[in-house]
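Both complexes shown next keep chain A, but they swap its partner, so chain B is in the first and chain C is in the second.
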Partner chain A sequence: MIKSLLYKEWLKIRWAYLIMFGVFLLILAKIGLEIAYDIRQMDANAVWYNAVIRQQIFYSWLLYLPVLSGIVIGSVQFAPEISAKRLKLTLHLPLNETTILLLMTGVGFAALVLLYLVACISLSLIVLHFFPVQVLSSVLITALPWFLAGLIAYLATTMIFTEPVWLQRVLLMIVAWFFLNTYLLYSPRGGYETYTHALPWFILLSLFYIISILTPAQRFRRGVE
Partner chain B sequence: MDFVVECKNLTHYYGNKLIYENMSFNIPRGSTFGLLGKNGTGKTTTINILNGYLKPRSGQCLIFGEDSQKLSPQTKARIGFLMEGHIQFNFMNIHQIEKFYSAFYPGQWKKEAYWELMAKLQVEPDQKIATMSCGQRSQVALGLILAQDPDLMILDDYSMGLDAGYRRLFLDYLSEYTRAENKTVFITSHIIQDLEDLIDDFVILDYRGVLLASTLDRFRSEFKQFRFDLENDTQLSLQPDELVSNFEQLKNRCTLYSFSDPAEVKAYLKSKQVNFKNFKPVPMSLEDAFIGLTGKY
Partner chain C sequence: MLTKLSRYLLIFITILVAAIYIPKLYWLIFGERIVAPHASYSPVIKKFILGKLVGKNYLWMDSDGKQYTREQTDLLLPLQNYRLLAAKGQMPDTLDGIPISVEEVRLNSFYLRFQPYQIGMPQIQLFPLFESNPPRLQLEMPPDFFRITGRMEFITAESNQINSEKTGLFTKRLQESGFAFPAAKIFGNPTTRKPFDEGYFVVDNAGHLYHIKMRDGKPLCIRTPVPADLGIETIFVKESNLKEFLAVIITRSSDVYLLMYDRYKLQKLPLAGYDCKSDQLRIVGNLFYRILSVVSDGRLEVTVTDRNYEVIDRYEETWPTREQRTAGLASAWLFPFTLKLQSGKSMFIGFHWKGYYWNALVLNLALVALSFFLYRKRNNSTKNTIPDRLLVALTGLYGFIALLIFPNHN
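Right after this comes the complex of A and B.
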């Protein structure tokens, strides 16, 4: 049964997921090619000066991509469930309802984690190709809130879709905006590791979504209108 | 008696609007129960309560002895559910959806029933359900329920959007299913004539709540339509009361619906000083009777 439920979720997200995978790889390729081009055009010292001394974030193209992917995957997964209230069919399946909802959300979440892992590994390989290993940890720590924001965007999208009352939907959108704004606001302009001290708080704040992820779907299930 | 569904004193409101108050009905095992009513009288609301998707303001429904708000997975496996409009997972094709559902009903899934219906459809094997016609989608939804082989089928307005051919096909398969031992059906439809040979018991809802709960046989034998002409073109104002269920008048031709016998109706009209002629009972179909009871508006 669980395998079958995962199969259904995969059918919904597969094309969007593969496209997002492609977009990530294209952007990462662009970042790598730009560094190589700058080294050839300017010289390595200038690239080093811009990237390390002036702390210009050379991979800022990645900034909004995790959030975009989170919204896209959440939408393609839950829009068909909410359209014509198909979630009723899903919840009618002979499985525990909480298990069903956790599995559904888990599929999108795990798919995004895999996507972000591949992106981080690819970014690491690009960084290590051009820079010493010491730069890598700064690069990844700086990008971590962006990927965290991607997961938050996914969870927020699922909640907004499953919430049955429009007023609460708007409230959830405002809360999501606050979260995403906080996670992404200063990152590209403030240099590396701007958020290092705030990261544990970000992770703690993210628990809000983990704890409340099923609440809107349970409200849908109870027929709240 | 062994009841599959027991609804006790259901009361529900949307905001301040009363849908029904203290509605009770039981569905015996092996019977077909119709919930009839015009649009907006609470049929889908009742189905949502039965499936646990809506908590009534008060009252309770038991399905196979379990509270409908807390149905166990084992009980859900015994209930086939057809959503209004034959809604299914329309991002799947007919192979994918059969593969998906079959895993949830091990030991009871009858894939032959599904493929028998699919063989009648003129669809490509990889055609998404979303691109099928309403009739074709209804066959997919019906095929899936038949393959599930549930003990109780809950069908929310199966006739919506179907032409006569698909409606007949749906009913033929449904009749076959109900003939099987101990299968129970809860059905709503806005095409009453289709249910004439199908349902055993029914409840009729109107905008004020439950109008009538009866068996089809009793309703047919007790509810009557009488026609008579007035001697002159006066406008009668007969309001529904203990004897009159409904009354219609077009010029001097009057139609009166009642559970009383002809002699009682005649005596009633005389007591109201109505000058009538050509008084006669008129046979009715179930749909005529439904409209007679609920009115045309």
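Right after this comes the complex of A and C.
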């Protein structure tokens, strides 16, 4: 039963997932090719100077990509459930409703974690090809909140789709929008590693959305209109 | 149970977001411009000259309150307006009976400003070491960057490989001068836009301060007599043609020292009330004086010294901060607390909490009463809504908004 439920969720997201995989790899390739191009055009030490001393974020194309992928995966997984209220049928499976819902979001969540891991490993290989390891740790610290934002965006999307009332959906979107914003702040003066000290708190806060789908699901079940 | 938890987690997030963005919106609407006054010291009348924004006009006055026009002010401050006065042909030949020349005034003038966010800002520990005796006179970006871990390693940017010859040369020189690897802190001024290069100041693992430079491709490494227990927070290396001091050292207890060219002696600055984590420090030098200004929220403290850093005079002024003005006082009735993620005083993102403002309890309790009314309409049992009401009593406006978005269905 659980196996077929998981398989059904995978069927819903697989194409979008593969496309997002492709988009990530394309953007990563662009980042790598751009560094190589800059090194050819203006000497490697100038490229290092920009990245290390002038604190230019040469991987800034990654800023919104995790959020985008989170929204896409969340949408393709939950839009079909909402159209014609199919979620009602899903929730009638002989399983605990909470279990069903958390299994569903678990599939998307795990898929995104895998995608982000592959993206981070590829990014690391690119960075290490051109820069010393000190730059890599800086890049990972800088980009980690962006990936956390991606997971939050996914969880918030599933929650927003499950919410039955439109006005309520808009309110949930506003809260999620501002919350995501706190993960995507640039330092007022540009620069890297700005989240270093606050990172443990932001990791903790990102977990707050992990069971968020249960709240609108309760309203859905009760048929709040 | 999980459903209940899910709702409270969402409420928590909403309160957090509201406490950040609603006060932000409030200040976007009601925030007024607050400009700190600016102080200089006139060698002509031996008084502080202040520039202040009064209403919409910028006014100049001395410390006794006498006002001057801008042109009069220029003449009172010839050592800082020398360019303008020289162009107008109004530059005096002597000051205090001492003959002065524009060239001399220019050489002796400097302006240094240190913002709190510059202290302890993020920095990847890789640095370019310049050739300090460049064959073509101009400073050039070296092909490699160094790091000081177990060795002083130079990594060539082109190949991303360690230059083992240069690494060996510098590591050996550092070991000979007693350097304890790895480096604890590295400070430099990595730009080619400076008159010459003084290299880097490095605190080693034992707390000693070393001066590391490259001259004609060879390493120079000098252990300075700066005491290891000085508690160095940061060092700003400032090459200047005046060649009086190499760098400015700020300690953890916010003492400020100039590191002098003369045998690396420390010259302590006679500052009053400086906190490097929150205040801005300005060091203005001219032919006669050093003017040290500490600007914090609502306070300016200026010390003027002679060239030997003996205090001549001090000036202090305070003004109401944003929180002390009408909009700020009103905000304490609206918001029980506020959160800020970014601060002008740090490059890092953090949770800057302000509060708790007990005044807001009035509004909080009014909102609790209002929520009673809302719950009555929904026929909720009183017992189930007690935690919700407590939340509103504590978090006020934020909690109330959160409850509107995530109503109680029990």
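The rule is short, and it goes like this: the second predicted complex is superposed on the first by the 220 of 225 C-alpha atoms of A that agree within 3 Å, B and C clash if a C-alpha of one lies under 4 Å from a C-alpha of the other, contacts with A are read in each partner's own complex, and residues count from 1 in each chain.
The rule is short, and it goes like this: a residue touches a chain if its C-beta (ideal position, glycine included) is under 8 Å from a C-beta of that chain, and two chains touch if they have at least 3 such contacts.
As the structure is a computational prediction, the values presented were derived from the model and not from experiment.
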Combined model on chain A: chain C and chain B, fit or clash: fit
Which superposed partner A:L93 touches (first chain B, second chain C, both, neither): first
Comparison of chain B and chain C by chain A residues contacted: C
Touching partner for A:K8 - first (chain B), second (chain C), both, neither: first
Touching partner for A:T182 - first (chain B), second (chain C), both, neither: second
Following superposition on chain A: angle at chain A, chain B versus chain C, Cα, nearest 10°: 140
Touched partner set for A:Q41, first chain B, second chain C, both or neither: neither
Touching partner for A:H129 - first (chain B), second (chain C), both, neither: second
First, second, both or neither for A:R222, with chain B first and chain C second: both
Partner chain(s) touched by A:A84 [first = chain B, second = chain C, both, neither]: first
Partner chain in contact with A:I211 - chain B first, chain C second, else both or neither: second
Nearest Cα pair across chain B and chain C, whole Å: 11
Overlap of chain C and chain B interfaces on chain A (superposed complexes): 222
Of chain C, residues touching chain A in the complex: 2-3, 5-7, 9-10, 12-14, 16-17, 20-21, 117, 121-122, 124-128, 141-145, 147, 155-158, 160, 190-191, 341-342, 344, 347-351, 404-406, 409
Chain A to chain B touching residues, read off their complex: 1, 3-4, 7-8, 11-12, 80, 84-86, 88-89, 91-96, 221-223, 225
Chain C contact footprint on chain A (complex, rising order): 39, 43-49, 51-53, 55, 98, 129-132, 134-135, 138, 168, 171-172, 175, 178-179, 182, 185, 187-189, 191-198, 201, 205, 208-209, 211-215, 217-219, 222, 224
Residue ranges of chain B in contact with chain A within the complex: 14, 48, 51-55, 73-74, 76-77, 79, 81, 83, 85, 87-92, 96, 99-105
